[in-house]
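Next up, some structures in structure tokens.
Shared between the two complexes below is chain A, which has chain B as its partner in the first and chain C in the second.
And now, the complex of A and B:
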């Protein structure tokens, strides 16, 4: 993929994530910080499908943005065909791993497997 | 050392915020805050997975993360998040040609048009907004 396309994805994921993270933080503030973190409250959040969907979208957006950002920083430090390929594939693998791990939590709590 | 690597400063060169003014500081803070936020994000995904261990596991995690040290870390995360967002929007606008000035004839000493007062103000604003958010975050987390 061309770097210009990757940067558009980087900026797009950033802008979308800003809005969703704001909603995520406001959910914590609305009920009071400590109360919102109580077990029953958190489980109810996960089992409310629209909010679980928001968490999943946020997980994907932030993982894509975060690991692409890491890739950019690592490519600024050093260049070379094999190094660039290793960094790019490494970041994609880490991104997929984190999304899979986070999705597992969201799905399992959403369907009541706790 | 290979001749092509003679001028490569590597990590030390990238991390040196002392040269090139506030733009270099913003560049450095952007990368530092990005790495910090990614580390926090990975930790956050891991810590929230403890809900799968039931109420006891979740309460154990809450107890573990409710220490003053971890609240201070959260306040730093809030600051990094606000700086990264505001400075990121500045960078995006700059890449889109917003606020970089009109093209002019390059005259000595060739001041870069993109490093103008508007962008400097935006960088300082990002730092001030991050500081304000950190103060607000402290009042919420420490209940001051």
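And now, the complex of A and C:
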């Protein structure tokens, strides 16, 4: 993948994440900010599918943006073909892992495992 | 106006500084101070210079910590009794103040720094409007002195970064209405150590002795690559 395509995704995910995080914070404030992390509220949020979808999209956007940012920082720290390959594949694997772990929580709530 | 200044010259063999008392006048440049010390006090000082008028780009060095051309920096401008000269950062040192330019020239050559006409057999003049000229003319003033690369924080950590000099020159040719080699040029700088690694610190533009603004060129080129091609 060309670097310009990666960076377009990087900038796009940042802009989209800013918008969605703003919606997310507004919803938390409308809901009662202090109680938003109580167990029952969190489970209820995950069971409300439109909001769970919003959280899932935010997770994907922030993971893609964050791990690409980490890749860029690591590529600037050291150079070398094997190191750069390890960093690039490592960041993609970590990104997929984090998205899978976050998705797992939403899925577990919705299939009644929590 | 003081009569003498203390010149501190970084020496590569000892790793320290040698100090010289050098007579100065209102118009004395840092290069003249170094050459005075070299001619009358220590002939072993290694310094590269040629034109003495900010045209050849040979005498780039750090003067009181800031990359500058020694021939273009007057002692009176520095407002200091002590002048410290060191080799440019981000360049391998040959000796004392002389550095190797291999990386700068390699990167410069890589970006195809020449016009690529669409039809080589077309012998007509390629006329440009003043507006078309304005888009790139300041970038044509680059003298390849390397000060921008020396000031660049990304060059300090990323040994394969193309650098502001080459990127500004890439923009110079991409913005030229007569050039048809944009795609080849853009594909060269569109890699993991290319144009996207610039952090827009802007130090390259701060130190350019010819008024070129590489940071702006890089941002314009990025915009072009992101699809803003107005």
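Criterion: the second predicted complex is superposed on the first by the 114 of 114 C-alpha atoms of A that agree within 3 Å, B and C clash if a C-alpha of one lies under 4 Å from a C-alpha of the other, contacts with A are read in each partner's own complex, and residues count from 1 in each chain.
Keep this in mind: contacts are C-beta pairs under 8 Å (C-beta built on N, C-alpha and C of every residue); 3 or more make two chains touch, one makes a residue touch a chain.
Note that the structure is a prediction, hence the values are computed from the model and not measured.
Participant: Taking chain A as the common reference, can chain B and chain C both be placed on it without clashing, or not? Answer clash or fit.
Facilitator: Aligned on chain A, chain C clashes with chain B.
Participant: Touch check for A:44: first (chain B), second (chain C), both, or neither?
Facilitator: neither
Participant: Looking only at contacts as defined up top, I'd like to know whether chain B or chain C touches more of chain A.
Facilitator: More residues of chain A are touched by B.
Participant: Counting only touches as set out at the top, which of chain B and chain C does A:84 meet: first, second, both, neither?
Facilitator: So A:84 only meets chain C here.
Participant: For A:108, decide between first (touching chain B), second (touching chain C), both and neither.
Facilitator: first
Participant: Identify the partner contact of A:76: answer first if only chain B is touched, second if only chain C is, both if each is, neither if none is.
Facilitator: In the superposition, A:76 contacts both chain B and chain C.
Participant: In the overlaid three-chain picture, which partner chain does A:8 touch, first (chain B) or second (chain C), both, or neither?
Facilitator: second
Participant: Which chain A residues lie in the overlap of the chain B contact set and the chain C contact set?
Facilitator: Shared contact residues on chain A: 7, 11, 76-77.
Participant: Within their complex, state which residues of chain B touch chain A.
Facilitator: That would be residues 8, 10-11, 14, 31, 34-35, 37-38, 41-42, 45-46, 48-49, 51-52, 54-55, 58-59, 62, 81, 85, 88, 92, 95, 140-141 of chain B.
Participant: Per the contact definition, I'd like the list of chain C residues that touch chain A in the complex.
Facilitator: Residues in contact with chain A: 154, 157-161, 187, 190-194, 196-197, 225-226.
Participant: Using the touch definition up top, name the residues of chain A that touch chain C in the complex.
Facilitator: It is residues 2-4, 6-8, 11, 72, 75-77, 79, 84 of chain A that touch chain C.
Participant: Where on chain A does chain B make contact in their complex?
Facilitator: 7, 11, 14-15, 18, 21, 29, 33, 37, 39, 42-43, 46, 59, 62-63, 66-67, 69-70, 73, 76-78, 98, 101-102, 104-105, 108-109, 113-114
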